[in-house]
Each structure stands twice: as structure tokens, then as C-alpha cells.
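In the two complexes below, chain A is the common chain; its partner is chain B in one and chain C in the other.
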Partner chain A sequence: MSKSVIEMPPKGGFSFDLCKRNEMLAKKGVNPPSFRKTGTTIVGLIFQDGVILGADTRATEGPIVCDKNCEKIHYMAPNIYCCGAGTAADTEAVTDMVSTQLQLHRYHTGRESRVVTALTLLKRHLFNYQGYVSAALVLGGVDVTGPHLHTIYPHGSTDTLPFATMGSGSLAAMAVFESKYKEGLTRDEGIKLVAEAICSGIFNDLGSGSNVDICVITKGGKEYLRNHLQPNPRTYTSSKGYSFPKKTEVLLTKITPLKDKVEIIEEGDAMEEE
Partner chain B sequence: MVKQQANWSPYDNNGGSCVAIAGADYCVIAADTRMSTGYNILTREYSKICKLADKCVMASSGFQADVKALQKQLAARHLIYQHQHNKQMSCPAMAQLLSNTLYYKRFFPYYSFNVLGGLDNEGKGCVFTYDAVGSYEKVGYSSQGSGSTLITPFLDNQLKSPSPLLLPVQDAVTPLVEAEAIDLVKTVFASASERDIYTGDKIEIVVVNATGIRREYMELRKD
Partner chain C sequence: MNFMASKQPENSLLGPEADSQRTLYPYVTGTSVVALKYKDGILMAADMGGSYGSTLRYKSVERMKSIGKHSLLGASGEISDFQEILRYLDELILYDNMWDDGNSLGPKEVHNYLTRVMYNRRNKFNPLWNSLVLGGVKNGQKYLGTVSMIGVNFEDNHVATGFGNHLARPILRQEWHENLSYEDGVRLLEKCMRVLLYRDRSAINKLQIAKITEEGTTISRPYSLKTYWEFSAFANPAQGAVGTW
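Up next is the complex of A and B:
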């Protein structure tokens, strides 16, 4: 019997080989590192002329803020944007992937991308991974068929809504929307309402914070208002400043020469030409 | 048949951070005023600081229900002491009492991370730092709570406390003036509230010196 191991090319998708080992380690108290989640507030609403998307800008690793000003509104197509909540790597990867797929599709068809195309590509991918790709998305855009707004859940289900919120701050934001949303909002009213909903998430949810990002998409084009509101400046900076004179203390210096120094006394001859 | 895990815990963590810094003739004790549970805020105006005696103040973060119970216990014991000895408890005496009270519940601990600050019998500032079961040490400064991992390295860099193992015995008080210590505390909390989600809203700063106890507040990030 030959003992050679047949080299298989790596299969696509996730490898669950280490699950049993991880379970055993967890029982012994060795926990896996936590994922960086965006513990977020993301919202979208449909107004008179199109769609407005909004997001906060805090990224957390457990109880610590790892990015105070990250971008959660991702580009999908010139007329389609997508907000992402959940594991940061998953939202980035899945929106990038579908964005490039949409571009190839645009070249193939010669037409502007439709929101339902992005929706189907995203939901198929997420369903395929059975919820392990932890991305909760708010997809919005304007195409030939009109303005559209959808929510996509990590397991692959979708909803089509006039206004939507996702993330840990979704309840705080939805409370604002349910109180104040009406059909046929103007652009300024829409931006004000989205900003209010995101602020509600920022101040009442500990997983969301820092600034408000807004993206307005209409038939004419899009407007990405990065840091539209900055309601959380640093509260105190010492006027005298701080110095850091204490460098790392040198406790002991010991030099061990690796080789004896050889001094060359004679000069070598010039290279001979062959 | 795998051993059944508990599906209910008697504890919760209400978050928050506390700091105390001892000076030559003062002691600064500060804590944020945010009380939270999970990702929600319960209140933005909760005091984690309690005056135990004339010159002795305690700040505690952790599970506030246990903190409240602990404060009541200490207040009752202090009253008994006053009846028996006809004087207020000194800060080092209160420090020992707190340690004993915490260890008494060694097998169902108070989920309370405490920092005790005040003036000793000679009027010098002193700070005592505790773990949840009563292990304590007299130090020049200390921080506890959710933001302590962010605050302590900065205080170490600016104030490095001498080790109690070094000889000759060095005094564990900082060389800072009262105003500088307060400025340091404000900076440290402003920085901690930038990066810790459980620290924010307001800081309550209590200063204990020869003239008495003074309280001031400062606004922090509310997000």
C-alpha cells in the first residue's frame, strides 16, 4: 500500500476541521480571540426624490473602541450604496465582492446596475454561508425602476421597506423613525430625520458612537456627506500638555563580540584578468 | 450527560471607571457617573463615590447593587465604631475594615472593585486599592473599573509609584500639586471615555484636604 499523501487543491468555503478542537479548548478555559464587530446604528429611508442612508462611525472590539471614525457606508455602484453592521471584515468583504461583480455585470449588459441585482447577489452569498458570514446590511439606491431600500440579514433573508434600521442601535433609531417618518419627505427633512435617528443610536446605544455619515442617492446622482454631524468632540485637553521623559530603563549593558576582529594588514592584489 | 451550566447569574456589571491619586496634603478621588447594563445606559447621573468617614472616601465600580450593600455595611460598622470609641475612623482603619468586610464574603463575593482615598492621621494623602475579595495595598495612585486598563498605564508613565519592596522605604505619594492632580484626572477620563464604551457622561471629582471635602463635576462624551 502506498503511503503517499495525495495533494488536493484547497476547497473553497469554510473549513470546519478545527471545531472539535476549539470546543475542547473552550471547555478548558482557552477562549478564541473576539471578532471586531461594528456594534452599530445604520439606517435608510425613502424620500421624495430617492433614498437616504445613514450610519454612525464607531467600530468596537468588545468594550473597547478600536476605530473612532470608520466608514460604514460602502460603495456598490454609482447609484447604489450599502451600510453594513456586524463583523467588520465580513461587511467589507461581502460589499467589495458584490461591488466588483456588479461592475462586471455592467460591462456585460451595458446598462446601469439595479438594486435588486445587488440584493440577489448579496442574499445568495449570505444564504450559502448559512449565517456564518455575519453581515447585516441596509442596501439602498435609485435605478431605472425607481428608488429602492432593502435590509439583508446574515442568514440571507431580505425585506423591502420604506424605512429601515439595523445594528445594536437599531431599536433606538427605529423609535425615532416610527415617531416621525411620513411619506413624501423633502431632501432636507429626510436628512434631518436620518441624522436624528443615528444620533439616537449614538447617544443611547453603547455600541454606536462618534459621528454621523449620510449618503443621499437620487436619479441625478449621489452625495456622500462624510461626517455630516460631529456631536462628540473630545471633552478635555490639558492646556499644559504632557511630556514623556521616561524612556525604557536600561538595566544592564553587556556586549559579546561574535567573532574576534581580524585586522587586514596587507592590501590584496588587483583582480587578475582571465 | 454533560454537567448543566448555570442559566442565571446573580451578578451584572454596571461598568464605569474610578481613579484616586494621593498627594502630600490632599487626596483626589474621581469616578464617572454612567451606569449601564449590556449595551444600554441605565442612567447618566449615578454617583459611584461614597463618603465613609470625615476624611475617608470610597469609589467603587462593578455591580452597583453589591456596591450599595457594601456601602451600607461599612456605614453601619462606622457608626458602631463612633459609639464605642467616640471618634471618627481614620483612613487606614477604614481600609482594614473594608478588606475584612470583603473577605467575609469570600465564597459569594461583592462584585465591587474599590478604591479608597483620604487623609491619614498625620494629614498626608493615602490611597488603598482593592480586588473583589479584599486583597489591598497602600499606593500613591490607583484606578479600577472598565477603563482601568486604559488609565493605569498612563498614570504609571506620569506618576510611577515606588515598589513597596524597595529599600529604603519610599513614600507612596505623588509629587504633584492639587491642581495638577485634578488636571491629570480630567485628561485621563477624557481619554478613557474616547476608547471605553462604558465610561462617559460626567466625572465626579472629590477632593479631600485639611479644609474638608470638596466636589466638582466635568462633562464627558455622551456617546
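Up next is the complex of A and C:
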């Protein structure tokens, strides 16, 4: 009688086979490469007509700034956006994945996506990976049931809050929110407060820096203010700027456009649907 | 007669018994202290909690004391080490008074003394587990400085220890300015203490504010801050999706 192969449960999640080898290597001084983390200050708050999300734009690889102007506010649905802190690859991949799942769900149901749907999809995925997918997210949006703001932690727990901050600069930003937030803020007050909180993170936390990105979501639509504030401009050392040496004679001026003129219909990501 | 018999010093670097003499962890701890310079002198605030690990064991610990005529000391960290530092300073002030020469130790001198004490203790791997804030006024000169348990010291217009570094300093950096009035200074300190109360798990809602000016020191009676919990999202977080969490 031949023994049949034992039925293995379907493979999913991570395989931890190489952990012992990695431990042994680390003891010998061979360390794995550090992850590209986003350092980060991300915030969200609920105002009168909806939700405002804010983020800084610095991405770090250990002590080095590897991207001075990255985008941390990710598109999920026309009415839902998500800020991500933690390992950059994890936040990108997870938000992309849930964004496509939401689109398929929209086609299936014929309705606008709800924020709790995105929340549940994200939280289920993150819990499944037991915190190894290092993505800490601030999810905000407006749907038929109203404006919503949630935080999601890498292990899969979530909170529903009127104002939230995540990332290494979260304490500096939270100090601003806790002292200045009130209910029923107008759009301009909200944007000002979010910008203030992100600036607090930028200037008081080493893992955050560069510019402020803001996204305002209301029932009517969304407004993505990329680089709303640039409090760290690059200043050239020479005030004169660049001048050609001596008397450079201009022989010929010919301008060749690199691309044929294309009619630009609307601004927006190709991935986004209007 | 054995002249060669040498007595082993008790705190020798070698010898396992010596380790039990060193501070390894703090036991009863106080949380942050926040202080700033204002028009007439220094304002300092600290709550009155002494935590024993995760228990709130003591709720009436005075973590700010006046030193001599010109200084005010606030401490966070191990309470017993703070009491020891007060004894050292007592002796220092006493010896200074005994000279009876009309001079008295000002805040700068006391700060320097504390720095030396803390740094030397850390070099012996036996630190006093505190972060100290030293403020004072002497001859019209305001002084505000801080020393940590490893001996890092500096002076500034506003300082904070512990969690105050992360939560209170961003607020102070934005809103402090020269020549704050007394009311504005107290309001600013209370703003910082309120954020700490919301976001520091070892903070309690019972604090004292101390003021030191050319005239002298006053430490207020303990009082509590008003807090606000009425956000609608707190009242009903599952709105829009019943059964969620």
C-alpha cells in the first residue's frame, strides 16, 4: 500500500526558512541591506465638509535622504486617499493592491466605494502578515455615509478618529493637533492646521523634511495640492546665477521641441478615473 | 606582619559583587518637566506623579525644589536619585553660606556643579537616573539649563525632559518669544502640559507651576487642567458602519 502524499494546506504568507541563516550571518557581521523607509509625518483631520490629508515628502534609507520629493498620499478611489508611513515598498504595494480591488468591486456593485471597505481590505491583508508588512496608514475619504478618517497599524488594528497622525514625526504633529484642533473647521482653517502640523514634523523630526503635500476630499470631489508648501527651498550660492564666460557669440538659435504638441485635456494621473 | 596584604577596593572594576552597587534601572520615576524663560524670570511646570513601572504609585511627589536664593531645580526620572541630588545641593549651599561673604551661588554655578556630578557618575557606570532642569535669576540675568543622566548639558530659552522633548518642544519652538508676560507664559506651559496629559501614559492631571524671579521662588498649589473629550467621532466611532471597530 503506497502512502499518498500528505495534503499540504494552501501556501500563503511568508516563508521563514532562511531566518536561521540570516541570524547566523548577522552575528558574523554581514547585515541585510536597510529598507527604504519613509521616515515621515502623515496626518489627517475631519473638517466641516470632509477630510483633509497631509504628508511630508522625505524618503530615507537609514541616515541618508534618498528621495527629497516623494509622494506619500496614495490614490485609492476617486473619493478615498491614503497616506503611508513605514517601508515605502510596503505602503506602495498595499495601497495599489487595495485600490485595484476597490475598482473591481465598484464595477461589480455599480456603486461608489466606501471608506470602510478600503479599511477592511487593508486591515485583513496586514493582519494576515502579522505585522511583517510594515505599513502604517492614514486612510481618509468621503462616501455616501459621510466623511471618515481611520488609522491602520502594521499589525492590522484600526482606529476611527477626528484627527490622526502617524510616522516618526507623529508626536510633533500631534502636539499641534491636540492644542489647536476643534470641530467644524472651515476648509482654509483645516488646510492651515494640517500644513502647520506637517511643518512641525518637518522641522522637529529628523526623519521628515522637504515639502508639504495636501489632499482635500469633499462630497463634491477631491483636490490634490502637491507641494502646497515648500518651506525648504534650494538656494543657489551665487546671486548672479550662471553667465557664459567672456563674450560668447551667438551664431545660431534653433529651438527643436522634443515632443509634438499634445492636447492636454485634464490634469490628473493616468491611473485615476474621473 | 603582612605589609603586602592589600585591601581590595570595594568598587573595583573587576568582581561580580561590584555590579550590585550600580544603578541598572530606575524604579520610581517622574515624567516630563517643561520650563521657559519669560519677562521676569523662569516658569517651570511638572506634574506630581511618581510611577512604579506601570502603576501610578505616588500622586503627591513634588518634583520641583528651590535651591539657595537664586535657583529652581526640576527633575524627571528616578525619584530617589533626585532626593540624593537635593542632599548634595544642600551641602553645597550650606558650605557656600558658611563663607558668609555676601556671595551666593547663582543658577549658572549650580548648573555647572550638577553637570560635573552627573557626568562623573556616568563615567563610573553608576548614573543618577535623572534629567534635570535648572532655572534661576541672579542680578537680573535669567538662566535656564538642563542636564541629562549621561551628562549632556546645555542652556536655552525653553527646555523639556522626557516626553516633553517630543511633544512640548515643537509647540515651544513655534510659540515662544522674548518677553512673554506671566499670564502668556503660564498659558503656554499649560498648553504643553495638556498635550502631555493627553499623550503621555505616565502623566497625571495634577500639576504645579513654579516661578522664579529676582524676588524669589513661588511654587503653586497643585491643580488640574481642563480636558475636552466631546468630539463626535469619539462618541460614535462606528458611525456609518455598525459593528465595525
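We take it that the second predicted complex is superposed on the first by the 223 of 274 C-alpha atoms of A that agree within 3 Å, B and C clash if a C-alpha of one lies under 4 Å from a C-alpha of the other, contacts with A are read in each partner's own complex, and residues count from 1 in each chain.
Here, a contact is a pair of C-beta atoms (placed from the backbone, for glycine too) under 8 Å apart; a residue touches a chain by one contact, two chains touch by 3 or more.
Source: prediction; values computed, not measured.
When the shared chain is aligned, chain B comes close enough to touch A:68, but chain C does not. In the superposed pair of complexes, A:204 makes contact with chain B and with chain C alike. When both complexes are overlaid on chain A, the residue A:151 reaches neither chain B nor chain C.
Legend: residue contacts after superposition of the two complexes on their common chain; A:232 is shown touching chain B, with no touch to chain C. Once the two complexes are overlaid on the shared chain, A:175 sits against chain C while remaining clear of chain B. Contacts of A:116 after superposition on the shared chain: chain C is touched, whereas chain B is not.
Shared-chain residue A:41: touches no atom of chain B or chain C. When the two complexes are laid over each other on chain A, chain A has residues 203-204 in contact with both chain B and chain C. Considering their complex, residues 46, 114-116, 119-120, 143, 145-146, 148-149, 158-162, 171-172, 174-176, 178-179, 183, 196, 200, 203-204 of chain A touch chain C. Those residues of chain A that touch chain B in the shared complex are 39, 58, 60, 63-65, 68, 168, 202-210, 231-232, 234-238, 240, 242, 244, 246.
Partner chain A is touched in their complex by these residues of chain C: 163, 166-171, 173-174, 191-192, 194-195, 198-199, 231-234, 237-241, 244-245. Interface residues of chain B facing chain A in the complex, by the touch rule stated above, are 15, 36, 38-41, 146, 150, 157-158, 160, 183-184, 186-187, 189-190, 193-198, 218-223.
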